[in-house]
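Next up: the structures, one after another.
Each of the next two complexes has subunit A plus one more chain, namely subunit B in the first and subunit C in the second.
Take a look at the complex of A and B:
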């Protein structure tokens, strides 16, 4: 397998001018064009320079994660054998991105068939039996061939393919004096079944057992004999004899799932009803150094490590801890994420109706920040630190009670922001849908044809993705121990947050102004995306190098 | 629930009645035979000696193709019993992957008795209690006995 280096790629610092994204490109970037920098962008230099170091860093990452001197990795890559397929592994674009390939069910089936054929030739077994043997060895063909060459009969036996079962096809029998140990029925006319292990049950019980395993428990490749303590696998000839054709179809579907489940470098897309699988070289042991977000062809972004929705920049282990904590503390935290708050000045109830955190009280016109309830005008200044929790003095900390209160406060600080971005993302989406609808209506009633909602769509997507990232930066920050790198992180977090709020605010403008704001909106969109890339590259780079210190062990 | 399943539960009940494991009392409601109540005495050689534990055994609709579900109604300090209002157990025979349809309730009851004498910290539902059981047996015994006094008299 050859990986293209990032340096082989075109110069990415040049902004793309066409607003149509390349849909076949498998990168974690939103489908949003980069436009030229806007006037309020003070960080062009920063952005470009971070690009240069990214390219340098890419080489590191390649050798760390992808081209490891790790034999099982090589074998698996070889195993997968999709090299000749039409899809190539795309070059990694950014430090925080990983290489991956999306496969359709047909491609997965094709690959299984290819491996079965190959091994079938080596072992001299029919493809049908080879498939059972491969599944039995969890698709580790080297191990299978070794075992088979060493102890042929035993290998066949343990996979339910002993000599007799291949020459004498399985059949139902009537046995004199038989009593079924499951349902206690007896009688000379009772249809019974047993595999070679001799554990005999009535056919109804056998069928019911297989039905429960396949239908309820989703098992296929490793269903054991129903006999107490027996580990013999039910082979598929026996299964075909016993179960109905629709259950057989489900069984074969499950066998395919098993294939992907058994391969460490393959994973199903977790989106509901999605049928694609993703191949990625990142292994469990790599997950403390990288956050492998992949994008399925169904456009769902998820983490290859844990299958949860994209949770950059937080590593999987922190995500698990955080979600557990939120679950445990949900009652304490619930009230804080409630949808209404009081105006800090006049105490009238204010309901959040858009994703924007810049609130204006309808009654007293007080402008404040929804997250920290601080005065909004202070949010642009250098001493603004809405995103950072100020650790209290050591004096307080000595008091145990104060300590526990402070730890709760600290948690709530981060949780509040985490939940807020989650909530805001939903509100942003709502308001975008409403806006889009209103604009279409406007177009219909006035017959105007100037409406081009593409830029709104791009803005909305950027907001969704940036809020998703921001949300997880707060879980990340919660577990971060302060060192000289945290300040840069917090700066990046703050910059992204401000970029997001600026863009989010645009959606609250009157509809008829939006068309005139198109250029500004596109600039703000592109700026948001850039800030996100900068933040993620920084966190990913330091994660790779082991520079972050966490207050928990990963 | 199928008539086959009901038949089997009745048959097992009969077997349990004629051969009840010592230290155990089984009752069930004629109206609802899918729920058994079990009164279990803490085994003499265990930290639970002197306690009387109430358990509920529920047969799922798919019985005997799925295992019965066991829960402690009396609070117990044990690595294999969840320390919440459910008091659930999920190990060995009680796991769907382990359970085989010919297995019988009586085997489940014996398993529970064995676990009271010798907990299985390697397959624990309460990791912190399991850890204490392994690392600080004295403390574990103390709490377990204390809970017997408080909840299981």
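Take a look at the complex of A and C:
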């Protein structure tokens, strides 16, 4: 692939430069004005600091006045929370960003303990019983206190704490004439167990039952009695008696999980093995107006609304529809995203080995776009429209067959681009991993510092993130009904796409050139990030104001 | 499997001995999969003169874990086994019944009690209907019955 810039539109990009093949590996940087680079780096910093510092958070939290008349307001303020927070009161750095806090397991445990202590004082129940009561009421403190004050015995009973569990602790018993309804075994020396509901089973069955619930089904706080239709919750004293020590750890871990699971403003980070939880004030009902991407301390970006990977700018509801559609139509669409295509000119087979869409046929030197198979030379110019689907005029699609063909074409147009960015992000990542290896070698042989090679990491991250965004712009566009805003959206999409393709192209340069292209690459990296922010701010702003028209209901 | 097979062995002995009317054991060669036939005893124009086949699949944790139970279609001339009409039975034989769901299951249930429950579910039904969305569900569902999250909106049917 050759480096080529078809436009010298300064507004849109950095100055065009001919690649200057560097023969020496560690010479000075190419003659690019340093001012450009530093200016871009500044803006880059700004765009990357997506997270508000903890201090700012706390300050805001303290000044937060409670909103008592909010009917949704069902959790206390001194809880971990921001339930009463209003996005209008608390401006965020970018329109597309939301406020959130990341919590470690210790912090979550701390919040939990604090609430238990507090409620324990109010109810006059020991902390361990209070914890059971709170879990039973799904950590709704107000509801628990209300219920308890109204009907104390009933509340205790339903949480499995009824009567005097202290004077009569759970124990194993031998019972004459007993037959276990689970294993159908009988015998006078069978160890049996029953809670107050009287549903008695042999200890082996009870243990097996609890093991399955805890280990396989991940239940902990609300395991019911095995008896048919019995709603009695297995209390923790019974669990202590019956659950083997190796299962206790898992059990307590699950108990902690229920705290986060039960709170609407808390969510576990879905990254594998990640132990952090995120708190965010965005509620389900807000999801048609905002796309709450959060960043965990493990560096995973995900949507607080649906836990999927970051899918800005598309709202959760569209993402669900799109993924369902792709799944249903996978057979029709799969062949499009295949990794090999024919050169549109000489028909020799071309394989895509990098993320870049600018293809040059080895055989005939034809330069074309992988996505639309159109001539590449048009892609950097104002009449470039690789991203836009040209709707055919009404009379072209008079009969049902033509209409269905057109709707398939339309879908494939967006799907093709969606899938392509997904695929390209993977390829870009591969290239980065290879480059990383070489950069390590370079460091070792030339003494170049680790800091000096970080621009590649930044470029790789920008590519991944921008492609992730671009990918979802196509799902977004598929559901977008045309109005006067779609043109701006498509312009932004196109600009980001061009910026990404430019950077992606540089990424595929041989290693000895990369070092010399450092400044230019940093420029392009920050330009990509900038275009992404512009696009996301525009889409988020219009989503918030309800300006987008979709051809489906959210 | 020891846990399941001990219990299933006992169930089998009891079933060979005696079964409620309208319920018959068809096949139980191992402790993984059994076939049962059920008929509706009381007169019900929806089900008169028809017999339905149930397929039971057990895991090693049965009866702690619910078995997977589905109606099985057979078009054999001598033993026709249609899928009964019911607003909780999909046309591919998958049954939406809280008893068979993780939340509704209790390990005190057994093959016989499930058959009885299904029998009475049919007996009391008057609607010649499939669940809403049957066509799409049957077309697209690739999940095993136990992994489907059914919403039990009306338990009186």
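Here is the rule we use: the second predicted complex is superposed on the first by the 453 of 554 C-alpha atoms of A that agree within 3 Å, B and C clash if a C-alpha of one lies under 4 Å from a C-alpha of the other, contacts with A are read in each partner's own complex, and residues count from 1 in each chain.
We adopt the following convention: a residue touches a chain if its C-beta (ideal position, glycine included) is under 8 Å from a C-beta of that chain, and two chains touch if they have at least 3 such contacts.
Computed from a predicted model, the values in this text were never measured in an experiment.
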{"item": "Simultaneous placement of subunit C and subunit B on subunit A, clash or fit", "value": "clash"}
{"item": "Contacts of A:227 with subunit B and subunit C, given as first, second, both or neither", "value": "both"}
{"item": "Which superposed partner A:209 touches (first subunit B, second subunit C, both, neither)", "value": "both"}
{"item": "Partner chain(s) touched by A:186 [first = subunit B, second = subunit C, both, neither]", "value": "neither"}
{"item": "Which superposed partner A:284 touches (first subunit B, second subunit C, both, neither)", "value": "neither"}
{"item": "First (subunit B), second (subunit C), both or neither touched by A:328", "value": "second"}
{"item": "Touching partner for A:153 - first (subunit B), second (subunit C), both, neither", "value": "neither"}
{"item": "Contacts of A:512 with subunit B and subunit C, given as first, second, both or neither", "value": "neither"}
{"item": "Touching both subunit C and subunit B, counted on subunit A across the two superposed complexes", "value": "181-184, 205, 208-209, 212, 216-217, 226-230"}
{"item": "Of subunit A, residues touching subunit B in the complex", "value": "181-185, 201, 204-205, 208-209, 212, 216-217, 224, 226-230"}
{"item": "In the complex with subunit C, residue positions of subunit A that touch it", "value": "181-184, 205, 208-209, 212, 216-217, 226-230, 328"}
{"item": "Interfacial residue positions of subunit C with respect to subunit A in the complex", "value": "3, 6-7, 10-11, 61, 63-65, 102, 106-109, 140"}
{"item": "In the complex with subunit A, residue positions of subunit B that touch it", "value": "4, 7-8, 11, 62, 64-66, 96-97, 100-103"}
